[in-house]
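Okay, so chain A shows up in both of these, paired with chain B first and chain C after.
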Partner chain A sequence: MAFTTEERGDITLVHASGMLTMNTAPQLREVVSGAITSGARKIAVDLSGVEFIDSSGLGALVGSLKAARQAEGDLRIGGASSQVLMVLKLTNLDRVLTPHESAADAFTA
Partner chain B sequence: MPSRPESGATVFSETLTVEPPMLETLHGLLAQVWEANPQVGMLDRMAFDTALIELVGNMVRHSPAGGPFNCRATVRILPDRLIGEFEDTTPPVIGVEIEREMPEEDMESGRGFALMQSLGHLEHQPGESGNLWIFERKLEG
Partner chain C sequence: MTRILVVRILVFLTIVLGVNYVAWRWLASVNWEAWWIAVPLVAAETYSLIDVILFGVTVWRIKKERPKEPMPDGRTVDVFIATYNEPIELVMTTARAAKAIRYPHRTWVLDDGDRPELKRAAEAAGIGYITRSPDWAGRPRHAKAGNLNNALMSTDGEFLLILDADQIPVPEILDETLPYFHDEKVALVQTPQVFSNVATGDPLGSQAPLFYGPIQEGKDGWNAAFFCGSNAVLRREALMQLGIRGYVADVEATVAEALDASATALRRARRRADALATEVLTEAYEAVRQARRELRSGVAFGELTFRVQERVRQAERRLVDRQLAAVRDDLAALGLLEPGEDETQIDLEAAVDVLASRELSPLGALGTVAATLNKIDVSRSHEAQPVLPVATISVTEDMATSMRMHASGWSSRFHSHTLAYGLAPEDLGTMLTQRLRWAQGTMQVMLKENPLFLRGLSLGQKLMYFSTMWSYLGGFATIVYIAAPVAYLCFGVMPVDAWNVDFFVRFIPFFIINQFLFLAAARGAPTWRGQQYSFALFPVWIRAVTSAVNNVWFGRELGFSVTKKTRDSEHRNQWGLVRWQIAAAVVLAVSAIVGVIRLTAGLGEPIGTFVNVVWIIFDMVILSVLVWAVRYDGYDAAQQQQQQRKEQEA
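Entry: the complex of A and B
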């Protein structure tokens, strides 16, 4: 699992790749937390490279969303695979983490 | 309650070490299972993968073993269902409620068992000699 961040205007893109599971979920929390500390308020998590997510990964996304909102920002997701879309829907998390076609467009679409 | 299927249906059975890296190992092993069994539809593969990897994560999380332990992992493909079994010889896992409601959207944990139950039927049989976890999914195609 790898995470990289990219600034695009006032949006911070967090690119994730690999499996987002209990092994890697803490890293996502750290990356997003670090971005917020650095001043990021609009965070878009690019899930196009995530081949699999489990409930720990979902928990990290929820925690990151809450952290962004507590900082008066927002976190959105884009590029989710079929498996990610399936678990978002089954867990009802698609209500708070609306999947966007692309993370880059998550704040404009 | 899942029944033990006929022996001819077993496509995978080996001893694995239950520890966090096993999630990635199991994902790779299941990919090989699907490559050899293309008749199983994408939705069923995805659901089965999700449930089994979730299950192993919960075995790691809830095990009283206090560290890595071995289990016998078996995958069976039948004409109408998929079955995954994990059998270990660690102390029985007790106090884990596997029938759970899906948590509210703002909760950061507690979704694992509810997610598994939404994908099929999960059963846990703790015993004096270890634990048997069985996940069964009826094929949707």
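Entry: the complex of A and C
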């Protein structure tokens, strides 16, 4: 699992790739809270490189969303593969986090 | 195979005979003239019949299958030892035994007491140590469920073995339980809780051979074996999934409620506001109304709540901007400020940032408005963690958690071989506290998330959860069983039309077959102690029901305390703990005497008196267990006495 961040205007893109599971979930939380500490408010997590996500991965997304909201910012997701979409649906998390077509457009769409 | 056949035949006979008896009671033998005792008695008998039928349904499917294929090394396991205030040495004994478990794993002490000595001891032994994160400060702690939820966030094993601080595991515990998880649907494997410090005869009824035997095996047959809080292995993925679903459900409820409350608060505030504030309030009100429309049309909560907050924030900011601009113009008019002076300009912008934050903004001044607006949020900020995998609706987190797992399609297994040995309470007071807590927790779950109405459970699973809840309602029936013979013997009031042949031919076969069913289902395990306590602790069961009702429906405190794992060295007056039972025993004894006197005086009727006196003797034999319990001095003392007796004999 690798995470890279990229600034695009006032949006911070977090690209995730590989497996977002119980082993890698804590890293995502760290990357996002790091971005918030350095001033990011609009965070878009790009899931297009994620082949597999489990509930711990979803937990990390929720934890990151909370961190963003507490800083009066927001976190959105985009580019989810079919497996990721299925898990989002299964847990009803798509009712909270809208899966956008692409993370780059998550704040404009 | 033959055993299950015998059990099933006995279940069938018990149900047929029981329904026959209770139907006859309702239809042909209620003494309606004394309805005030006759109806409660027949209702109590109906309660007991349903209890027996549910037991019969449980043991109908007794299951004891073991997986054959072992789990190869390499899966990740975290062993959690949950502690709050137990002595350090006791926790460390369990922790060292946990570390010595054969299957590769990591061991963690979850210290809710945040004790530096325990931290040092754990680290010195090479064992992980976890306490609550700072997020929990000032938020609901949720006792043991909170402790486990906190640890789930800082560990990453695929499976979790949960142990109470006193439950010493054997090294094979994971080798025996992990193989069940070859089935990808299995989320929980529960093993028995057995206690090593229980004196011969089990004076406090600590062991639960019926529950951790035929009852759990029977529930297993219906895919409804319960999580019992300790000595169980759980699949992390299942727990986390529950946590996420719970989070979404909570957000859904909170957001809808907060939007309604905000709309109301804003409407009220607008009526009383001055012109400047009215504009912000109107904008906020429009934002809230739009959010409600979006909610109804199915827009995701995340963006909807963010948009509301953004719109309100911008309105607040515009207002503050305008107010400060006015200040600046005033200052310029007074000649105190050069228009366009750079430094001050910057200062004023910083001031806008500060003054537009929710606490200081004009809306902040309208306390309820700000508070309700802040609740339109998806971060569940009233909780320490947005995701709470272990259920927090009850003081006994275990049953609610497994029930939700079953409702979302996971399976559970019961492994009937003992793999950990714990410590039971050694005095009556502690034992009573523990039983009260279990009963309260079960009642809370029944009132908050009744399994009969929980979607996703099969009919069998609903009945299995309901059966355990139903059995905790028995305290009320016991009161009736005590009152009925008193009414007859002292006042000659008959709750039954007649104690005659009609009664005996229906009641006695049912009673006897029912006892045989218990014997056959328990396979020789001692169940009498358990039967005695389920009757004798009636005040505990009643208090559990009333306190849970007060808590769930009227929001009162439960008055709940953690079970101590060590014995109280100071003796309180133990007899006071069973005052209601003593009162009942005295009333029963007096009634028996009065009944005999009335009979000799020609007032009573021989068969009726005989039946009721036998009934009273039966009640007294059951209650007698408490005499032993009150006088019990703990395991060590009991061992010593036994030793002395042996020496004297020799």
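As a convention for this text, the second predicted complex is superposed on the first by the 109 of 109 C-alpha atoms of A that agree within 3 Å, B and C clash if a C-alpha of one lies under 4 Å from a C-alpha of the other, contacts with A are read in each partner's own complex, and residues count from 1 in each chain.
Methods note: contacts are C-beta pairs under 8 Å (C-beta built on N, C-alpha and C of every residue); 3 or more make two chains touch, one makes a residue touch a chain.
All figures in this text were calculated on a predicted structure; none of them were measured in a lab.
With both structures placed on the common chain, the touch criterion links A:59 to chain B and to chain C.
In the superposed model, A:98 lies in contact with chain C only, and not with chain B. In the superposition on chain A, contact is made by A:86 with chain B only, not with chain C.
Of the two partner chains placed around the shared chain by superposition, chain C is the only one that A:76 touches, whereas chain B remains out of contact. Looking at the shared chain after the overlay, A:23 reaches both chain B and chain C. Shared contact residues of chain A with chain B and chain C: 22-23, 54-56, 58-59, 62-63, 66, 90-93, 95-96. Partner chain A is touched in their complex by these residues of chain B: 20-21, 23-24, 27, 42, 46-47, 49-50, 53-54, 57, 60-61, 102, 105-109, 111-112, 114-115, 118-119.
The touching residues of chain A, counted against chain B in their complex, run 19, 21-23, 52, 54-56, 58-60, 62-63, 66, 82-83, 86-87, 90-93, 95-96. Of all the residues in chain A, the ones that touch chain C in their complex are 22-23, 25-26, 54-56, 58-59, 62-63, 65-66, 69-70, 72, 74-76, 90-98. By the touch rule above, chain C contacts chain A in their complex via residues 153-154, 156-158, 236-237, 239-241, 243-245, 247-249, 251-252, 299-303, 306, 309, 313, 377-381, 385-387.
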